[in-house]
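In the two assemblies presented below, chain A is common to both, partnered first by chain B and then by chain C.
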Partner chain A sequence: MFERSSDRSRYPEVVDGKPVVDLDSEKYVKIWHGPQHPGITGNMSLELILCGDEVVDCKTHVGYLHRGFEKLMERRTWIQNFPVVCRIAVPEPAFNEYLYAAGVEELAGIQVPERAQWIRNLNLEMMRLASFLAWLGGQAGAFGNSTIGQWTVTHRDYLLDLFEEMTGGRIYHMYMVPGGVRSGLPDGFEERLEAVLKKVEKLLKEIELVLLNNSVFKARAVGLGYIDKDMIDRYGITGPNQRACGIKRDVRKDCPYLVYDQLDFEVITGTASDTYERTLVRYQEMHQCIDLCRQIVGRMPKDGPFHQPLPNVLHWRIPPGETYVKAECTRGEKGYYLVSDGSLYPRRICIRGPSYTHAFPVMEKLAIGTDIADIAGLMVSLHTYPPEIER
Partner chain B sequence: MKELFERLQALFAVTDFHQQRADLGFLSIPKDHAEMLIRHLRDHEGFTHLVFFTAVDYIEDGVFRLVYMLHNYGTKDTLGVHVDISRENATMTSIHELWEQAGLYQRELKEMFGIDFPGSPRLDEDFLLEGWDEIPPMRREFDTRAYAEATFFPREGRTKSDPRTHMREQLYPDPDQE
Partner chain C sequence: MSLKDVIAPFYVWKRAFEKPYTTVKPIEERPGAAKYRGFHTNDMDLCIGCGTCETICQNEAIDMVSVPGIETTAKDSGLRPMIDNGRCCWCALCVDICTTGSLRLTNEYIWVSTDPDGFRFVPGTGDNPWDNKELGYRRDAGYRLMDYERQEMEMLAPEQGVQSFLEVVKGYSAEQARKEAERCVDCGICIATCPAHMDIPEYIKAVRDGDFEAGLRLLYRTNPMPATCGRICTHRCEDVCSVGHLGDPVAIRWLKRYICDQMPESSYAAVLKDEFAPNGHKVAIIGAGPGGLSAAYYLIKLGYAVTLYEANEKAGGMLRYGVPSYRLPYDQLDKDIDYILSLGATIHYNTRVGREVEFSALMGDFDAVFFSVGLTDPYGLGVEGEKHPRVLSGLQVLEDVTYGRDPGVGKRVAVIGGGNVAMDAARVSRRLGAEVTVLYRRRIEDMPADPEEIHEAQAEQVRFITQAIPMRVEAGPSPEQVNILWGEAEMVADAKGGRPRPVLMEDKIHTETYDSVISAIGQGGDFGFLSEEYAGKIEMKRGKVISNQYRQTGIPKLFVGGDIANDTADAISAIADGHQAAIGIDRYLSGLI
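Coming up: the complex of A and B.
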C-alpha cells in the first residue's frame, strides 16, 4: 500500500472520525469512481473527496441496477418467483435459488429427496468456485495484473459449460426448484467435472507464483484495508472478510445445511486482515471448493428421486408463517426472510446480502486515508455485488 | 430458546413467542420497549450480530411490522424481534448507535416504507431512488403496474396481445368455429 504522508498539516482536520472538508477552499477534488470504471465491482459508484492523492471522504452510491425484486415478488405467485430470484446476484445466482427453495420448502413442509440435496450441494460448490474465479481476475486486475483476469475468466467459462450441461443455462440456471432439482446429472458428468477441476488446480498453482508471490502485488496489498477484530460485529462483517482477521465462523460449519455436516472440511482463517490476507483466504477456499466437489461426487447417491412432487403450483398456497434461511456464499452470510399469509402470493421476501454492509459502512470507513490508486484493489478485496444491495 | 424467552419475559413485555426451528425463534415487543430489549440482547444475551432489519406492511391492520433479526454466534441461535408500529405515524427509535449498518437499513426503510427514525445519520439522503416523489414504493398501496402504465409508454407501432386470447385464437383455435 502507498504510505500516508506524515505531515498532516495540509490535510483536513478529523472530527468524530469524519474529515471537515470545505470544497470551496479549492484544496480538495471530488471525483466519482464508477459506475463506469474497470476498478469498480459492478454497477455502483464511490463519491471520493481527495486531498492530493489521499482519499479524505468516501460515500457509496447504488441504485443503478435497482429492479425492485422484493416488490415484484409480492405480486407474483410462489412458483413465478422461482425464475426471478436467480437474477438478484448475477455472478452467483445459485445461492438465491437454493435459499428461496429452502425457505419455501420449510414453510410448506416439503422434504427434499437425499439425492437432490447432494446435487444442490455440488451445484453450490461449483458456483462458489466460478464466483471466486471471477473475483480473482478482478483482484489481480485492480493492481495491474490483467492477464490473470483472462485466465480466470476462461476457466470460469469451463465451469459455465458444465452448468449448461447440468441445468441448461450458463448464468441463470433456474435449476433448484422448490422440492428438489429439475434433473439428475448427465452421463459422464463426473469425469468432465474432474477434468475441469484439474485445469483449475493447475491454474491456481500458476496464480500462486504469478500473483501471491508477486512483489508488486505484495507491496500494494499488504496492509491495505485493514479490518480490526472489533469491527466485525459492530459492522456485521461476514465471510472471508471476517475469517481473514482470525475469526473462525462459517455458516457451512456453524449451522450446517444440505449435506455439509457429512463433508470433511475445516474453516479457513487468516490473521493479518488486509487485502493480501483476504486474497490468501479466498485462494485457499478455492482449493477447498475443489476438494468438496470431489468429495460430493464420490459420495453422492447415483440413483433415486431428485424431486418431490409439488401440489398444483398455479394454485399453490403456502401455509401462513415466516422463516429465515441462510447459507455461506462467497462473500459471507446470505439469507432469505420469507413471510407467507396463506395466500397465493408471498407477503414479504427480504434478502440479506453480505455486500450490504461491506460496500457501505465498511468501504466508507476503510477508504479514508487510502491512496486513490489503491481504491479499486480495496473495493475488490471486500468482494461486493451491488445487485444484492439493491434487490 | 424457550429458556431465553422466559428470561426475557421476566424483564420485558415480550409476547407471542414462536419457535420456527430449533435455532430460530420470533417474539414481539411494544414499540416503546424495543430499543431497550435489543440493547439487552446485544450486551447481555450474546446477540451481537444484526443480520438484517426490515419491515412488513400489514395494510389491513394499519401497521408496519418491523423485524430485527439478531444472531448469537455462541449458541448459534437466531431471534427475530417483531415491533408493530402504526402506519399513520410511522416513527421508530433509531438503533444506529448499536450497529454501524443499522443506519443504512433505516435509510432504506425511510425511502421504501416512509418510516422515520429521528436522529439516524444521512436518513434523508437518496438510497436507491433519485428524485422520487411518489408514495414510498414498498408500501402495499403502491401499485407498480399502474405506476408503470402512467410513467412509461409503448414504442410507437408496437402491438401487444393478451396471452390468454392469443393462445385461444392463434395456438389452440376452436375447430368447431372454423
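Coming up: the complex of A and C.
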C-alpha cells in the first residue's frame, strides 16, 4: 500500500484546500491521464500534478464526448427523443429509456400496463447486472488483473445476447417506449435467462476467490479513496459509493418505482468506505440483481397488454407541467427533470447523472495525496460513465 | 495478509483450459436474434410512399425518392424511402409509424460492399441479399404509436331521424375534432385525389392548432363551399387516406365541417379579406349550382363582373333541390352561397336560358360564358307501363320537398335504383311516413351510392331487395296504387373481367303493390337551350360535354363544368371545375390560351 510521505516540507503548501503549485520550480510534473488511457472510464481525462509519485492536484476534463443531448432534445418531438436518450450512458442505457418514458408518462397521464412494469423491471435489473460486470472487469484490470476483465466482459455479452432477443438491440435497446414496452418476452426467454444467471453466478464464485480474496488486490484497494461520511450529502454522493460508508439509502427502497415494492430485497451497505469496500458492495449487489431477476421472472404476468396505445406521436403534445423522476442505477441516483410547455417539443430536459458528482468534485478531492499508480483503480472504484457528465 | 489470500486466486487455474468464447468469423455465422433491428426492407407493393418514415426519423436518414417501375397513382405518391445507413440508428420508429406496415427491419447486420455509395439504398428493390429475409423487427400488434380508431360521430338515432328533416350528423365537439385532427400524418396523398386539390393536411393542422381563421382561409383557397362539402362531399380523400390502411381513415370531411361550424357567417368577410379590383370584363354563368357558384367566386376574385342565370327561385342547384335537408340543412348551404353572392355577383333567379333569355344573346353580350346546368333529366325506367301516374321521379320528389310541396308518395313506396338519389328519395319517403323498399339490379356492394348513405338507409328501416330487375308496371288494385313486376337476377361473372352482370331468371317473377314507385336510376343533361349554331361545335361523349384542362369547350369563349362535364358528377368535382374554368377564362381573356 502506498504510504504518504510524512515529511510534508517537500510538498506544496495547501491553502483553502488547493495546493499552491509553482510549475516553474521544476519540482512538479503535470501529466494528462486520459483521454486515451485504459485506466480511465471512457472519454475523459484527468489533469494531474505530481510531486514524486504523489498526486498533489487533480482536475477533471470532459468535452471529448459532448453531443449536447439536453439541447438536442429540445429540437425533437417527444417520440423522436426516445432513441436519443439511451446514448446518455452507453454501458447502461436502459435507465435513460426508463426515466424518459416514466417522465413523459407522468406528464401525459399515461397508465402503464402491469405486465409492462414487470418487463421494465426485469430489463433494469438485467441492465444493472450487465453494467456491474463491465465495471468489475475495469476494477480488476486497473490493478493489473486484466484476465478477469475478459471473463466479465464475456458474461456481459451473454446478457447482451438476451437483450438482443428481448429488445432487438444489444447495446441501445430502444425498448421502453413511452406507454410501456415495444414487445413481450420471446418464447423460452426465462430458461435462457436462468442459464445465463447460473453462468454469472459461477463466475462470481470464482471472482470472489481470484479478486476479493486476492492479497495483491487487497493491498492496493484497502484504504484507497476513503470517502468520509460527512462528504456524502455535501458532495451528493449516491449509490454504492455512498452505501459503502454505511448509509442505507437506495431509491429502489426509499421511493419504490415499477414493482420494487413487491420484491424482496435488502439494501446492501458496507462500512470501510474505501475501494475494496465499494467493490464488495457492488459484488453483493450483483448477487442481488440475480436474485431479483429470478423473483421477477417467477412472478411476472405472462400475458396481457404490454403497451398503452399512444395517440399519433407525430402530433403528440404533452400537457404543460414539470416532473422529476428518479431511479437507482448501478452508480447511484439517476434522475430526469422534464418540463413541457404543451408544445410538440420538450421545453427542457435535465439529466442528473450520478457520474457528474462522482467524476468531478469527488474524484478531484480523493485523488489528492494518492499514488499515481492508484489513480486508475480509484477512478474505476467511483464507477463513472463520461457521457452522463456531458449531456 | 493471510495465507488464504495468497492461495485463493490459484483456485481458478482450470480456466486456462477453457475454450475461447469468441465466434470465429467467417467460419462460424451468428445470425441476429429473431427481432433484431438490422438492415431495412420494404414491401414495394404495399408501400404507398406516404413518407411518415421520413417525418419521424430523428436522424434524417430517410429520403423519399422516385424509383423506376413505381408509378404515381391516386393512392401512391410514387416515392419510396431511401435509407442512409450512415445516419440510421436502427431505432425502427419508421417501422412503428409505417402506415401500411410495409417497412420492416431484417436481422441481417453484416454487409460488405465495394460500392462507396452502397450504404444509401432503397430497401425492397431486390438489390440487397436480405430483402427476402423473414426474420427481423416488425411492429408488435400490441404496441402502437398511432390512434387507429376514428372519433365516433354523434348522430341522431335512426328512429329519431325518420321523424323529421333535422340534420342527422351532429358534428364533432372541440375535443373530438382535436383528437381526430391529431390522427392525420400529414402525408398529403389526399391532396392529389381531391378533385379540388384542397390543402387537407394544412387545414387539419389548423384544427389541431385551434386556428379556425387560418383554416377558413385555407378552405376558401380551393373551395368556396366548405360548409356544404363538409357535410355532403363524397370524400374520396378519405378513400386514399394513408391512415386507412391499418385503421380508420381520418374523418377529413367532418373536420372541414368543424372549421366552418366554428366560424359564423358574419366573420367571413373580415377573415377572408377577399379584395379585388374590377378588370372591366364581363362573364355570364349559366346555372347557380356548385360549379357556377365556384366559378363566380374565383372570377369575382380575379376582378370579373359576373352575372349568374338560375332557372330556380334560389341558388344552389342540386345541392338545394337534390340533397335533402337532413343531410345538408338549408342554412348551411345559404351560408356558403350568401358569402359568394355578397362579393357582388349579379344573379337572375327564375331565369332559364333558352326561355327567358337567349343563349346566343349571352354569347354576344359577355366576354366569356361558363355553363354548368347539371343533369336534370331523369332517365325513364324503360319498362312497359312506366308512364303510370303513380310512377314518380326521384328528383321530382326531392325537389317537391325542397319547395315544401307534398310529393304524394303514399304509405308504401318502392324506390328503384342504387345511387345517391335513390337513397335520398328512400330516406325522404321514410320521413314522410312511408314504408320504403329499394329495388336494385345488382348487389349492395355494387351500389353507386355512398356506403354511409346505404348504411343509414338500412338503419332507418328501408328494406333492400337486391338483384331485382323491374319488368313491368301495371295498374294497381285501386287508382291510388300501382303494381310492379320484378324478376330475380343472378350475378354472372363478366368474361372480359368487368364487373359481374345481373341476368334475369325468367322463372322467378314477383308482383308487389305499392302506393307509388319512385324511379331513381340516373339522369341526363338537358342541352335544349343551346341553339344549333353552337350545339354543333360542342363535342359530346356519353352525354357529357368534352372540354380541355381549363374546361374550355370547342367554342373558345364557352366554358363548361359540373355534372354535365365530368364523370364523377359530385359537388366537389363541380367546384373544382368552376375553379379551373375561372382560371381558364382568365387565361383566355388575357390572351394566354
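Assume the second predicted complex is superposed on the first by the 390 of 391 C-alpha atoms of A that agree within 3 Å, B and C clash if a C-alpha of one lies under 4 Å from a C-alpha of the other, contacts with A are read in each partner's own complex, and residues count from 1 in each chain.
Going forward, contacts are C-beta pairs under 8 Å (C-beta built on N, C-alpha and C of every residue); 3 or more make two chains touch, one makes a residue touch a chain.
Here the structure is a predicted model, which is why all the values come from computation and not from measurement.
Participant: For the combined arrangement obtained by superposing on chain A, do chain B and chain C clash, or do they fit?
Facilitator: clash
Participant: Using the superposition on chain A described above, determine whether A:H37 touches chain B (first), chain C (second), both, or neither.
Facilitator: In the superposition, A:H37 touches no partner, neither chain B nor chain C.
Participant: Going by the contact rule set out at the top, does A:E164 touch chain B (first), chain C (second), both, or neither?
Facilitator: second
Participant: Between chain B (first) and chain C (second), which does A:K27 come into contact with in this model arrangement: first, second, both, or neither?
Facilitator: So A:K27 meets neither chain B nor chain C here.
Participant: Does chain A have more residues touched by chain B or by chain C?
Facilitator: On the superposition, C touches more of the residues of chain A.
Participant: Looking at the overlay, does A:R347 come into contact with chain B only (first), chain C only (second), both, or neither?
Facilitator: So A:R347 only meets chain B here.
Participant: Look at A:K199 in the shared chain and tell me whether it touches chain B only, chain C only, both, or neither; answer first, second, both or neither.
Facilitator: A:K199 sits against neither chain B nor chain C.
Participant: What is the contact status of A:H287 with respect to chain B (first) and chain C (second): first, second, both, or neither?
Facilitator: neither
Participant: Of the partners chain B and chain C, which touch A:E70 in the superposed model: first, second, both, neither?
Facilitator: After superposing on A, A:E70 lies in contact with chain B but is clear of chain C.
Participant: After superposition on chain A, which segment of chain C among 39-47, 57-65, 237-245 or 327-335 overlaps with chain B?
Facilitator: Clashing stretch of chain C against chain B: 57-65.
Participant: List the residues of chain A that touch chain B in one complex and chain C in the other.
Facilitator: Comparing the two interfaces on chain A, one with chain B and one with chain C, no residues are shared.
Participant: Using the touch definition from the top, list the residues of chain A that touch chain B in their complex.
Facilitator: Those in contact with chain B are residues 62-63, 66, 68, 70-72, 74-75, 106, 233-236, 249, 254-255, 321-324, 326, 333, 335, 337, 339, 347-348, 350, 352, 356-357, 360-361, 365, 390.
Participant: Give every residue of chain A touching chain C within the complex, in rising order.
Facilitator: Residues of chain A touching chain C: 76-77, 79-84, 147, 151, 154, 157, 161, 164-165, 167-169, 172, 174, 177, 179-184, 186, 206, 209-211, 213-215, 218-219, 305-307, 309-316.
Participant: In the complex formed with chain A, which residues of chain C make contact?
Facilitator: Listed in rising order, the residues of chain C that touch chain A are 1-2, 4-6, 8-9, 11-12, 15, 21, 32-37, 52, 55-56, 58, 89-93, 96-97, 105, 137, 139-140, 142-147, 179, 181-186, 208.
Participant: How about chain B: which of its residues touch chain A in the complex?
Facilitator: Residues 20-21, 23-24, 26, 48-52, 54, 56-57, 67, 69, 73, 76, 78, 80, 99-101, 103-104, 126-130, 137-138, 140, 142, 144-145.
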